[in-house]
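The same subunit A turns up in both complexes below, where it pairs with subunit B and then with subunit C.
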Partner chain A sequence: MISANLPALQVIIPLLAAPLAFLLRKPRLVWPFALLTTVLTLLVSIGLLQQVLDQGVISYAMGGWSPPWGIEYRVDSANAFVALIVSAMGAIVMFYAGTSIRHELPEHKQTLFHVAYLLCLAGLLGIVVTGDAFNVFVFLEVSSLSTYIMVSLGANRRALTATFQYLIMGTLGATFILIGVGLMYVMTGTLNMVDLAQRLPEVAETRTIYSAFAFVTVGVCLKLALFPLHGWLPNAYAYAPSVATAFVASTATKVAIYVLLRFVLTIFGVTFSFNTMPLGQILMVLAILAILIPSTVAIYQTNIKRLFAYSSVGQVGYIILGISFGTVLGVSAGLLHIFNHALMKGGIFLALGCLYYRTGSVQLDAFRGLGKTMPWTMAAIVVGGLGLVGVPLTAGFISKWYLVMAALEQGYWPLAVVVLAGSLLAAVYLWKLVEMAYFQQPDNATEVREAPLALLLPTWLVIASTIYFGINTDLTIGVATLAAETLIEGVR
Partner chain B sequence: MVLGLYNYWIVVLLMMTGFYIVIAHGNLIKKVVGLNIFQTSVIIMYVSMGKVRDGAPPILTDGVTLYSNPLPHVLMLTAIVVGVATTALALSLVIRINEAYGSVEEEDIHTQEQSS
Partner chain C sequence: MMEQHLLLPLIVALPLLAAVLIRIIGDRPNPREAVTLITAAILLGLLGLLAGDIYRGEQPSFTFAEPVPGLPIRFHVEPLGMLFALVAGSLWLVTSIYAIGYMRGHHEQNQTRFFMCFAIAIAATLAVSFSGNLFTLFVFYEVLTLSTYPLVTHAGTPEAKRAGRVYLGILLGTSIGFFLFAILWTWFLAGTLEFRPGGVLAGTGDSILLSAILLLFFFGIGKAALMPFHRWLPAAMVAPTPVSALLHAVAVVKAGVFSLLKISLYIIGPETLMTLPGRQILLIVVAVSILLASLIAMRQDNLKKRLAYSTISQLGYITLGALLATSAGLIGGSMHIVMHAFAKITLFFAAGAILVAAHKSEISQLDGLGRRMPLTFIAFTVGALSIIGLPPFGGMWSKWYLALGTLEAGELILLATLMVSSLLNIAYLLPIPLRAFLGKTAEEDRHIGEAPLPCLIAMGVTSLACLLLFFFPQPWYQLASMAVLP
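Up next, the complex of A and B:
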């Protein structure tokens, strides 16, 4: 009974828990309740991935209305994989949130934060499991609106202006997607993704579908912060509460990338996207710029959350570079990096939250002598950072290795140089922190202790998993390759 | 041909008006209104594409075989709700920004951030 309804439960559990959490009101009750919800959601995701790997694609008719008339939830290996990433990070970050939020937010805002968090989780998972193009838009707005709330709760007043900018850009992006979906509907008369994929080729050579493709791609690229559409991201990440940054950085852009993959590969199809439309070339150029320029900008940042936000834009570049090849190897390298980057960046932002908890600052100065005063926190940042650089034995190395292989498979050897240059830039900004933390003496005026275990434990759980997945790659590579094949071959 | 598609011309005109306001105006309230106009244009686009020529309103009636398509209208109910929620959130943010900076003009806020 339960196992047959997993696709619906994946969304409904956090969606229903959000208003219930609001009714509980007292932060002391809300956090355990929210934690329980996220753990249940994680269990559902694990169950879903297991089911998909055992039995193949799950098609779930929402409310008993059979597709293509009703809304279909369709889970295959690609979205089960992404759903697992989202709900795993959702549960771990929620565990961390208990201590961090109590410290960072005034009491009357804590409940609201948890409610927004659960809604965001529901929205993200909804985007991932749904098989209906319009449903994607609705869940995208659910997750975006709740993300705006979380970001705006940041302590600095700049969080407000950052949120406003994010809201404007995010709404423009979502509306672009809505326009694209509308143009697709007017040509095919359907919103179901499988149905769309079957009916689009007939009408593909029309200006309406060309513009639908352009609107959807640009809209999604705004959401996933592809250079040069990343303007909203650095400030939003820098001024949001630590928990919100860690959660949003490791899930929201990743889900947007999944949406891009789903639309471009499954619905429009590889032939249309990469041969009829010049998507491959456009994405490749933007990806190269994204790897080089924001990583360079990151070096000059003194706010370290902002530094890693720029680094995120660069890392999105790697993922998009893999996708731009339009091959199974390229897309699986992209998917692999979605997973690995979610872990690495999530772990780093959690560690920065530990630093903020003790020092109340994430400026470069706060790192002075941190190697002595907060050895575990600093070690987490270094290990995560080494992953961003792509040092062997970290998860980042595996995805970059696959990315270079995918580039060489196409004969694009200069791209290997770009990937290497990006790694060097990452090494430069990481070194800035290492130098400050290990080669400078701590200020004696302020006594800084190591962060509490309730924060260190989830941080290190994430960081340790980046090493685990850097050594034992069977699971991630296997699922990523399977997912890439599913996306590319799609329903045809 | 061109005039026959006048509904789409209206959509494009509204869309670009809204988009221009969002980009060009420094007043945050005006930006929100521009965003609203932008979203409204999409609602008109969906609603007008649901119309079937000579189609009756989609209510089952004896002797009528051709109906307009109700689905885009239903979709737009959802989009309107989303638009209302976005506007409400944006305006409440503007209130908070006004409390924190004492201004809703982008330039004022920018100079305050530079000097602080």
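Up next, the complex of A and C:
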């Protein structure tokens, strides 16, 4: 009974938990309840992935209305993989949130934050599991609106302008997606993804579909912060509460990338996207710029959350570069990096949260002597950072290795140079922190101690997993390759 | 799957264990240093045990994990790796004795961190020497760079930090920009990164492409200090002398040239290498590097800087051997890893002893010091003579084989280069002891005595080794020839 309804439960559990949490009101009750919800959601994701790997694609008719009339939830290896990433980070970060939120937010805002968090989780998972193009838009709005709330709760007043910026850009993106989906509906009369994929080729050579394609891709690229549409991201990440940054950075852009893959590969199809439309070339150029420019900008940041936010824009570039090849190897490299980067960046932002908890700052100055005063927190940042650089034995190495192989497979060896140059840039901005933390003496004026275990434990759980997935890659490489094959072959 | 040989991870883990213990013991100097000495002694014993297997023709291996299919983290010991590991392991013990005298005599700060990073660097060096494929080698090559950085910046002065930045910038920059790129390309062409006799790249691409890869390897392995990527080595001389002695005359730089020899033997393959047009370019670069570094060395007044440029020049010999790719050249290059290690470490020990006992770092201040510190300067002279390549010291053998190698390859100009370089060695090394013994001792220097006893013991051991290597080069020659002539 439960196992047959897993696709629906994946979304419904957090979606229903959100209003219930609101009714509970007292933050002391809300957090355990929210934690329980996220753990249940994680269990559902694990179950779903297991089911998909055992039985193949799951099609679930919402409310018993069979597709293409009703809304279909369709889970294959690609989205089961992404759902697992999202709910795993959701659960770990929620565990961390208990201590961090109590410290960072005033009491009357804490419940609100947890409610928004659960809604956001529901929205992201909804985007991932649904098989309906309009449903994607609905859940996108659910997740975006709740993210705006979370970001705006940041302690610094600049969080408000950051939210406003994010709101405008995010709404623009969502509107573009809606227009694109609308145009497709006009031409095909369906919103079901499988159905769309079957009907689109007949009308593909029309200006309407060209425009639909353009609207959808630009809209999604706004959401996933592809350079130069990344303007909203650095401030939103920098001024949001630590928990929100860690959660959003490791999930929201990743889900947006999944949406891009779903639309471009499954719905429009590889042939249309990469041959009829010049998507490959455009994405490749933007990805190269994304790898080089924001990584360079990151070097000059003194707010370290901003620094890693720019680094995120750069890392999105790697993922998009893999996708731009339109090959199985390229897309699986992209998917691998979605997973690995979610872990690395999530871990780093959690560690930055530990730092904020103790020092109340994430400026470069706060790192002075941190190697002595908060050795575990700093070590977490270094290990995560080494992953960003792509040092062997970290997860980051694996995805970069596949990315370079995908580039060489196409004969694009200069791209290998770009990837290596990006690694060097990452090494430079990481080194800035290392020098500050290990080679400067701490200020004696402030007594800084190591962060509490309730924060360190989840942080190190994530960081340790980046090492684990750098050494044992059976799960990640296996699933990513499978998912890439599913996406590229499409549903026909 | 081949049999897992547990001795290999044990040997590499041993210094790491020591690092942990050193950290735990912390600021109690005597037990802390006891850990270093005991571990180094056990390590040497285990290496001897392993060497026995190698001499019997076995090649033990151990696989840790396989992150990407076909790309394992794997140890596989062949004779050349054994040779390097033996050099590093035996000199660690000697240097540890020396370091205790030096660090205490010089009242250095942060000694716990020093001994800890030292042990980690040794572990990385051993792992480099045991590497079973290029990927593993690359991983530990980078670990070696990072673990030696805190040693270079040990003093914590602005000058040390600047030097540290040059050190990291060049070593990481070349390794990621060129070396890793060459590895990726090799993997793409050959589908494997294993070290195989005859080379995995042989016959996989045209000679232009392979030449490009060759250049990427030789410039990318910055630790070999081939000009123009040599500046990190003089910069690293701000480190305490034991670091300069073991790491920047033996472990780190030899890890570089060792990698080059491995690449020449097992990745590109000597026969393929000889046909590549890129080799001609590199031979010129190496010849220039050997001579130019010697010329620059003559102009250095700072003793350690002069020794550093001398190292750059001598590393060129080994790179030359790897490039000649004839059997005598490769054997000579491998032998030179050993001979230069023992000779140069003696020179650095002496330089450090002078610093501790007399607080002098410039050559122009050494007048007459030889009469105050006779043992130190005798050791220095022995080391210098061995570097020059005069009998009865070990340095003669490696130069002999290298010279043979140039003749085998028919490169008379390179033979001339080696000869001129030997003359230059005389010109920049011998004036130092001459000045010390024959010069007039300054009035304020009359109170100066010999360096602390541990320093003297260490110098005695290594200079004796230089002498013994002349009479008994056989064990090393055998390892080198087992690698080159299978």
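Here, the second predicted complex is superposed on the first by the 492 of 492 C-alpha atoms of A that agree within 3 Å, B and C clash if a C-alpha of one lies under 4 Å from a C-alpha of the other, contacts with A are read in each partner's own complex, and residues count from 1 in each chain.
To be clear about the criterion, contacts are C-beta pairs under 8 Å (C-beta built on N, C-alpha and C of every residue); 3 or more make two chains touch, one makes a residue touch a chain.
Source: prediction; values computed, not measured.
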First (subunit B), second (subunit C), both or neither touched by A:168: first
Contacts of A:210 with subunit B and subunit C, given as first, second, both or neither: neither
Which superposed partner A:376 touches (first subunit B, second subunit C, both, neither): neither
Partner chain(s) touched by A:468 [first = subunit B, second = subunit C, both, neither]: neither
Touching partner for A:22 - first (subunit B), second (subunit C), both, neither: neither
Touching partner for A:33 - first (subunit B), second (subunit C), both, neither: neither
Touching partner for A:439 - first (subunit B), second (subunit C), both, neither: second
Touching residues (chain side subunit C, partner subunit A) in the complex: 65, 67-69, 71, 73, 135, 138-139, 142, 150, 153, 156, 161, 168, 172-173, 176-177, 180-181, 184-185, 187-188
Residues of subunit A that touch subunit B when the two form their complex: 134, 137-138, 141, 145, 148-149, 152, 157-158, 160-161, 163-164, 167-168, 171-172, 175, 178-179, 182, 185-186
Complex contact set, residues of subunit B against subunit A: 19, 22, 28, 31, 35, 38-39, 42, 45-46, 49, 72, 75, 78-79, 82, 85-86, 89-90, 93-94, 96-97, 100-101, 109, 113
Residues of subunit A defined as touching subunit C within the complex: 391-393, 397-398, 401-402, 404-405, 408, 413, 416-417, 420-421, 423-424, 427, 431, 435, 438-439, 470-473, 477
